[in-house]
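Across the two complexes that follow, subunit A remains constant while its partner is subunit B and subsequently subunit C.
Coming up: the complex of A and B.
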């Protein structure tokens, strides 16, 4: 197992495995070798349009996650 | 039939003129920039009688085109020294369009006194003395204006507060929303000072009993409108994200990307971003019974507006926009929405640009005079703006004025105008827009955040210089077109992803005006608008050296990505490569 920091924003915040613990980013354990795509599937977000960041940079679904990575998912958002 | 309403403040004469044939295809920003280009000497004193304030609804003003009620206000800017179009929501665009006004041109300068320009629904227009309104903030002024109107009147206003009367370079013009609250602002570039310099305190326009403007082909217009509205509704940003969270939905994602300018652009992420976020603002607003979904003008299909209320549920200010919360919040190290709401309210009442004020406060904090994060001191300082305080004058003249006065070297401006809420080092596309826009640093001029961060309209690596010039150029042209049409630029999120949305704009324009608009012609309108602006600025003395970010942004690394701006100068100089050919086609130079 490895531990990542998971951050779900806007309407995705209801998809935390423990949604009662608020909106903030939190530690999340995943199996070694888990990719962004696999994590998305685990969270039930596979069919949602989304923007993915790993450590503050956009990341593709085949990106393999490492211990301590910060992973953030956003639904389509914009403004300005 | 649209007309020009020419208001000579020197003589208090008001006359109507037919819209000249050469401007028939122009509205909004295209019209304000054409008038300023043709009628304002580029070397004019921005606060003198030769400058002109031009107020123009877009082509779709007064119609049911979704999000078609944006208003353009133009002049030579006292802040940048170049041409300015400041764009605002609120109800005045529709009101003026229903009155048949293509543009109000305010020129000259009153020898004495304060004045109000009053347009009645019966077509009469007059200038009235308004000396008793001297010094009033925008909210007190709105109440005073209401007392002069008849019961059940339907009217909209544009007004200046003490910031404008003090002739400050960051003074805004407040426009009323549908509830007649003066909370929408043509904020950027000091146009409130231009308006006040002429002796004009308010424009009051009634459209009571008037209907929508007529179309060349009503059925075709309605069909195109339906197509456009459907595209806006179906796109996840315009149909869901913006209505739910407002523009504040950006706080977390820009912070996540490391592009959230913090404590005067010294870091790219803020530890209290979540407290300032759109998600948190929505929760608090709902708990307090505030409004979380609101249109700033009739016909808005996106509804990103909202009202911010205090702890007792009383209206405080409009739901703060992302850029305002950033400037008055994270950029000043302040992580509390109520504190930001107080600052936003003060800006709105005094009549000053929230972006410029937050940037100026942060530069002042960087001088060590007050601490980053000290919200009480920030509010006390801000409230000096519009008074005879020396500090208030410096602040009200913007970030650069504060930096020069208090010896701060990190001044985040281009063409003397403060950068908004996206650091251009880790988001290089917006840096191209800041550097090259005819407006000075302005995110709305070419919102490269789309492809750089939001994956709207494609994806361009925000940390790389590659592809940024083409991205910014395309967006600057398209934005100028939307501004000319009077469309809210947020429709661009749908337009960039849905080809049918752009076709619908061409369809609405054709059906409304009777002239066939192709997509190429729409984009040519954007190019023409930028050409007027670029040529005006060149005559006002701007050179390639002005199309650059501040030097420190090329060397000072921004954490967390340790980014510096790397787009080469030669590429920046190619953004306006279409201008000579466009100018030749327009017969101007």
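Coming up: the complex of A and C.
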């Protein structure tokens, strides 16, 4: 297992495995070799339009996550 | 942009104006966010802007965007250019009248000091944010989401999500599509986008 820092923004925050812990980023354990895409599927976000950042930069779904990575998912919403 | 020493913002208006006059900001989208952010940047003294939008002025824009009835039907970038030059005749302005995509973003925005995402569709935001992060990783990026609705404007906040990436918006509420766009709340987000950009230009980026 490895531990990442997971941040789910706005409506995605209801998908935290421990939603009772509030909306902020938190430590999250995943299997070695987990990709962004696999994590997204685990969180039930596979069909959601999203913007993915890993360590402050956009990351594609085939990016393999590493210990300590900061992973953030944003639901883009229209309006401007 | 190279790192800059923070300008003594509290005590030296001339130094701030001088720094901003040499600076450039790119704005993708000239709607409620982009047109108002552009106005605030020009009034603050930013010397160069690159603004892209492919739309024309419509009546539905008047509730929050910086356009006027006598500009109906004109390309937004042309109408906005006219208004911005009335505020600051010496402004160096480049207008781009086409849709910004992954294929052309670097061509138009490779040389700006800060880039502001100000498009109005969710798909557009995904494309611009991803492309900017991938293709212009050294250009500070400010983007926005979650500004619609009648909720408190205090909910619209700035969050640093990368070394040089900031997101503005109501990031905690369960924002969703289809909420009304209120001028005052949209302009809070536009002002935050402009101000985050200005703080980057002054060497005191939002923490």
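We adopt the following convention: the second predicted complex is superposed on the first by the 76 of 80 C-alpha atoms of A that agree within 3 Å, B and C clash if a C-alpha of one lies under 4 Å from a C-alpha of the other, contacts with A are read in each partner's own complex, and residues count from 1 in each chain.
Operating definition for what follows: a contact is a pair of C-beta atoms (placed from the backbone, for glycine too) under 8 Å apart; a residue touches a chain by one contact, two chains touch by 3 or more.
All figures in this text were calculated on a predicted structure; none of them were measured in a lab.
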{"item": "Partner chain(s) touched by A:74 [first = subunit B, second = subunit C, both, neither]", "value": "both"}
{"item": "Touched partner set for A:46, first subunit B, second subunit C, both or neither", "value": "neither"}
{"item": "First, second, both or neither for A:66, with subunit B first and subunit C second", "value": "neither"}
{"item": "Touching partner for A:31 - first (subunit B), second (subunit C), both, neither", "value": "neither"}
{"item": "Subunit B/subunit C common contact set on subunit A", "value": "9-11, 13, 23, 49, 51, 53, 56-58, 72, 74-80"}
{"item": "Residue ranges of subunit C touching subunit A (in the complex, touch as defined)", "value": "29, 31-34, 118-123, 125-126, 129-130, 133-134, 137, 144-148, 161-165, 167, 170-177, 179, 181, 186"}
{"item": "Residues of subunit B defined as touching subunit A within the complex", "value": "236-237, 240-242, 244-250, 252-253, 256-258, 269, 274, 278-280, 304, 321-323, 443-444, 447, 449-450, 453-456, 459, 461, 463, 489-490, 493, 560-561"}
{"item": "Subunit C contact footprint on subunit A (complex, rising order)", "value": "9-11, 13-14, 23, 49-51, 53, 55-58, 72, 74-80"}
{"item": "Of all residues in subunit A, those that touch subunit B in their complex", "value": "7, 9-11, 13, 23-24, 49, 51, 53, 56-58, 72, 74-80"}
